[in-house]
Amino acid sequence: MTNSLNKVIPLKQAIEQYVKNGSHISIGGFTLNRNPMAAVYEIIRQNIHDLHLYAHSNGTGLDELIGAGCISKLEIAYAGIGKAAPTCIRFAKAIQNNEIIFEDYSNYMMSLRFMAGSMGVPFLPTLSGIGSDILSKWGFSKSMRKSDPKIVDEKLKIIDNPFGTWTGASKVVLVPAINPDITIIHVQKADAMGTCSIQGLPFADIEQVKASKNVIVTCEKLVDKEELRLNPDLNQIPFIHVSAVCHIPLGAYPSAVFGHYDYDSQYLRQYAIAAKDQDKNQDKFKKYQDKYIYGVKDHEAFLNIVGQERIDAIKADPRTGYAVNMKRD
Amino acid sequence: MTNSLNKVIPLKQAIEQYVKNGSHISIGGFTLNRNPMAAVYEIIRQNIHDLHLYAHSNGTGLDELIGAGCISKLEIAYAGIGKAAPTCIRFAKAIQNNEIIFEDYSNYMMSLRFMAGSMGVPFLPTLSGIGSDILSKWGFSKSMRKSDPKIVDEKLKIIDNPFGTWTGASKVVLVPAINPDITIIHVQKADAMGTCSIQGLPFADIEQVKASKNVIVTCEKLVDKEELRLNPDLNQIPFIHVSAVCHIPLGAYPSAVFGHYDYDSQYLRQYAIAAKDQDKNQDKFKKYQDKYIYGVKDHEAFLNIVGQERIDAIKADPRTGYAVNMKRD
Amino acid sequence: METIQPYTPKEIMTIMAAREIKNGDIVFSGTGISMLAAMAAKNINAPDSVIFFETGAIDSLLEELPFAVADPRIMYWAASNSRLTDSFATMQNPITGQRVIAILGAAQIDVYGNLNTTCIGDYFSPEIRFSGSGGGCDVASFVPRCIAFMQHEKRKFVKKLDYLTSPGQLGGGNSRIAAGLRPGGVSAVVTNLGLMRIDKDTGKMYLDKFYPGITPEKILENTEFIMDVSKATQADPPTQTELKILREECDPQRLILG
Amino acid sequence: METIQPYTPKEIMTIMAAREIKNGDIVFSGTGISMLAAMAAKNINAPDSVIFFETGAIDSLLEELPFAVADPRIMYWAASNSRLTDSFATMQNPITGQRVIAILGAAQIDVYGNLNTTCIGDYFSPEIRFSGSGGGCDVASFVPRCIAFMQHEKRKFVKKLDYLTSPGQLGGGNSRIAAGLRPGGVSAVVTNLGLMRIDKDTGKMYLDKFYPGITPEKILENTEFIMDVSKATQADPPTQTELKILREECDPQRLILG
């Protein structure tokens, strides 16, 4: 491998280089699984704001970014963190308090929008959502859409099936492509060129990556190219899509990484209590952020505060890929 | 596993049950790789005719089926068998002699058509082919289309981008979904329920399978469910899509199966010479068919005629997945 | 004849939902009680039903109960770990989609089985914001049978949804098909009081079964909209066998049953 | 100064094509001489170029020369073995697609760089039927640069194609863009006689380089359509280094070089 194909850089630098105020961004994972949390916390520490976030079912990463005021616009299908927060708490607060502009889709629609972006087509068709308020209620107004070239002019379109009643459909919904400026995912294995191997469900990470102008990969294990080349069938993302690779063990904590560690339900519950911030002083969430995010230099320092005991408690069993009999709150 | 989820039946029975005169069919693989040849030869032996074949880049399976007169209609992107026949020989003859009705697409269009079928949508969009004769020349006439409910009314459609110039496209080509009556693929591993693991490139097999009303899987190895469940990431096809499983070692011969055996370039060259049939008597192809197809009871008997020497010569090297330093004609 | 054992509302809800699942069904399941209903069906009446998550795992071996559809517990021993786009395609594709039965929750339901999982109050400035559609809207659009799991309360069984997230029969009658959707959407509603179904002709919800000890009147008191109760009969209570399997095999630690 | 070594037509063709490939390019390659050109570029002037097959293998380790794009030899040691739909999406997607350079063959080419790989004679009842588009039409539609590899003969460089399989500049001028295609299609044509390019404004083929020993007149004699040769200069012959690498590292057994 030649030098120019070595994309390994420190996470701080990757975020500085690729995530700017106003960037259109997406993050990998699903609710409490494989969120790129090290990158999320670094974005918060760098005080990047006015982000436009594209999400299908995002969880802890989304809620931290909203809680820190990084997000100004949001296109989303679902926001929840499992039992700890069936609805993401800072997300709900931000909407209830009119603090962000948001637009709702379904999970399939958002996945298809990333897929359209990855395929280089302006839209993909689906039969989902006809008659629902997802079609009729637009979070971004027509005038706002017109004035912003980075936002498509129409939320979605419903058309007659151009092939008569072929496949039995009379109407088809077209959802427009997304091409984020930057997507950040966390994977089990990557090599220095950026080829990635995801173990367990890939969610929509592959489509999000391929739709993006730039991609930062954080990985549990930075492995030799040779290790990945032994089984190309397990490498869902070839290096040609990747801009930067950052080696961050436990980089998805407190969300789960199949085969490595489980979600930390204790941390998530504690986060939820802080996020609700129901005390009189209303300083619980600020204290949480000061301690775990602003008060630390990087993810390693964050993990030191979390403590080895929690890390040990969520360690995955090699047979099942999760922490067997873990106490789950 | 309960009894009802055991889908293992003999190939002869599977073909009898699922492949009928007039069936719309697709077969897996690409040119000289992973064609379900045991099934192809069984279809020929059962003298099934009037098949409507959907193909992207098909090779040896396609050409044998055409040579035996099984196919009456063909939708296709490419017909070739590598060096042995850069253009499939019986395919070219059939078209030159007006023996089949055919319609041309590109590889991506055909792949998208299977994908549309697998997704349950009437079409998928692409930017491919604008200005080409693929758009302007239809092999199936409008009246034939109208009279046959199994053929879509229009070959494809070109529309203005419904989202203005989003993603930079002004026009979009829509290609209609395919839902074959039956798809037959050959894979490295399957279990009795029909879950499949393909090693190496899957081509469009996954989309073909998921688009099909019924699916026959032939496999090199019939393995225990437990073996496949150990790594779900390697199983591209879950059992819910599969109707029948047939255990046929060397079931893709003379095409290749990565990790098991290479294509037999000697057999393919001999086939090409027979298919060309340039002698005065013009009985070379008939003799070939009589010997290798009609003259044998099943694939095992066919392989006995081929002989152990050829089988040994194409055996894959475990490191590379193909036959290293094999003499290739 | 079996004697009737005592059971909790959660137990009868789980059993009523499990009875809706047929052998061979592909069960689109969420977490919590819907997961338990799917497991109960598999253990009691539909051994060849397949548990399926929108995140893409098919037929996972659930050695431990997952707490989220992205819980790593669903990735173990699955037939296939596929992409999100694949999982919804499986439901949108009519070949496999027609075999799917979905179990959904909601904050509000109306007489036509339309669901709201988005917000209470105005969409743009809501009183309460919920998680949103997730895959709910997709599933309700694609698959022929959906079970809604609800607590039976007036503020949940409403005349008008604050937001229509997942389409049922839209405005009733032929309106779902006329709008361009496939037949499908919520076909049964299981609550702590009874089992409602959607009438095929009118597209309206009617009371099919009230639980022992519950009257149709009590159900109407807890329903904001007008509902036909004229065809209602008392539900067969959970059998001893059903309860035994549910309690001993599906949730021995009572993680969900409480 | 290097002395000019003797070389075969296949060798100069391979080197001329290899010189078109830039470092970092993703090279969409077929088999035979196009594969050899891709390997030569990687070994000579574009070490970080990536060999890519329409069948979905990316950056395969080609310990042996593949004889087909579905040859199992391309599946070994690849970065990823992806699906056919993924491979074309990589080219249709402008982010990665703009980095792709494709090498294509054809039975006929016209002055606008449109290609025919389908048939000679009437489409419905052809004199000769060829394999068809394969991925050719797709690639010519999507990617900014395509090299056509051809034998330079009058019946191949024709005034009018019998079938337009893969779009170049269609009718020339702005017609490709006006029709709704992206900029792209055949941008260079490498033959046994010289190197042609497509003029950006007129969309017409012109002679850029004639090989040592070949005259523009000879090229015109072997071209049915009218072609501008006014800007043509003699090609730099393959250097000793280029030939040495091509012969010793890319095809030591002369499987393709003959």
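Lettered A, B, C and D in written order, each chain numbered from 1.
Everything that follows uses one rule, which is that contacts are C-beta pairs under 8 Å (C-beta built on N, C-alpha and C of every residue); 3 or more make two chains touch, one makes a residue touch a chain.
In this text, all values refer to a predicted model and were calculated from it rather than measured experimentally.
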Worksheet, complete the sentence: Intersection of contact sets, subunit C vs subunit D, gives A, B
Fill in: Of A-C and B-C, whichever chain pair has more C-beta contact pairs
A-C
Discussion item. Nearest whole angstrom, what separates the Cα centre of subunit B from the Cα centre of subunit D?
Written reply: 28
Fill in: Cα-centroid distance, subunit A relative to subunit B, in whole angstrom
38
Worksheet entry | Residue numbers of subunit A (touch at least two other chains) | 117, 120-121, 126-127, 167, 169, 172, 179, 200, 233
Worksheet item: Taking each residue of subunit C in turn, which ones touch at least two of the other chains?
Response: 57, 75, 81-82, 92, 94, 142
Item to complete: Would you identify the shape of the chain contact graph, picking one of line, ring, star, complete or other?
Response: other
Worksheet item: Pairwise, which chains touch?
Response: A-B, A-C, A-D, B-C, B-D
Discussion item. For the complex, give me every residue of subunit A touching subunit C.
Written reply: 29-33, 56-57, 59, 76-83, 86-88, 91-92, 95-96, 98, 104-109, 111-112, 115, 126-134, 137, 139, 158, 167-172, 200-204, 206-207, 256-258, 262-263, 265, 316, 320-322, 324-325, 328
Practice prompt. Please name which positions on subunit D make contact with subunit B in the complex.
Written response: 31, 54-57, 63-64, 67-76, 81-85, 88, 92, 94, 118-119, 123-138, 141-142, 163-167, 170, 175-176, 179-182
Worksheet, complete the sentence: In the complex, the residues of subunit B that touch subunit C are 2, 4-5, 117-121, 179, 193, 195, 210-213, 228-230, 232-233, 235-241
Practice prompt. Report the residues of subunit A in contact with subunit B in the complex, numbered from low to high.
Written response: 116-117, 120-127, 152-154, 157, 159, 161-164, 166-167, 169, 172, 174, 176-177, 179, 198-200, 233-234
Practice prompt. Would you mind writing out the residues of subunit D in touch with subunit A in their complex?
Written response: 23-24, 26, 47-48, 50, 57-59, 61, 75, 77-82, 89-90, 92-97, 99, 142
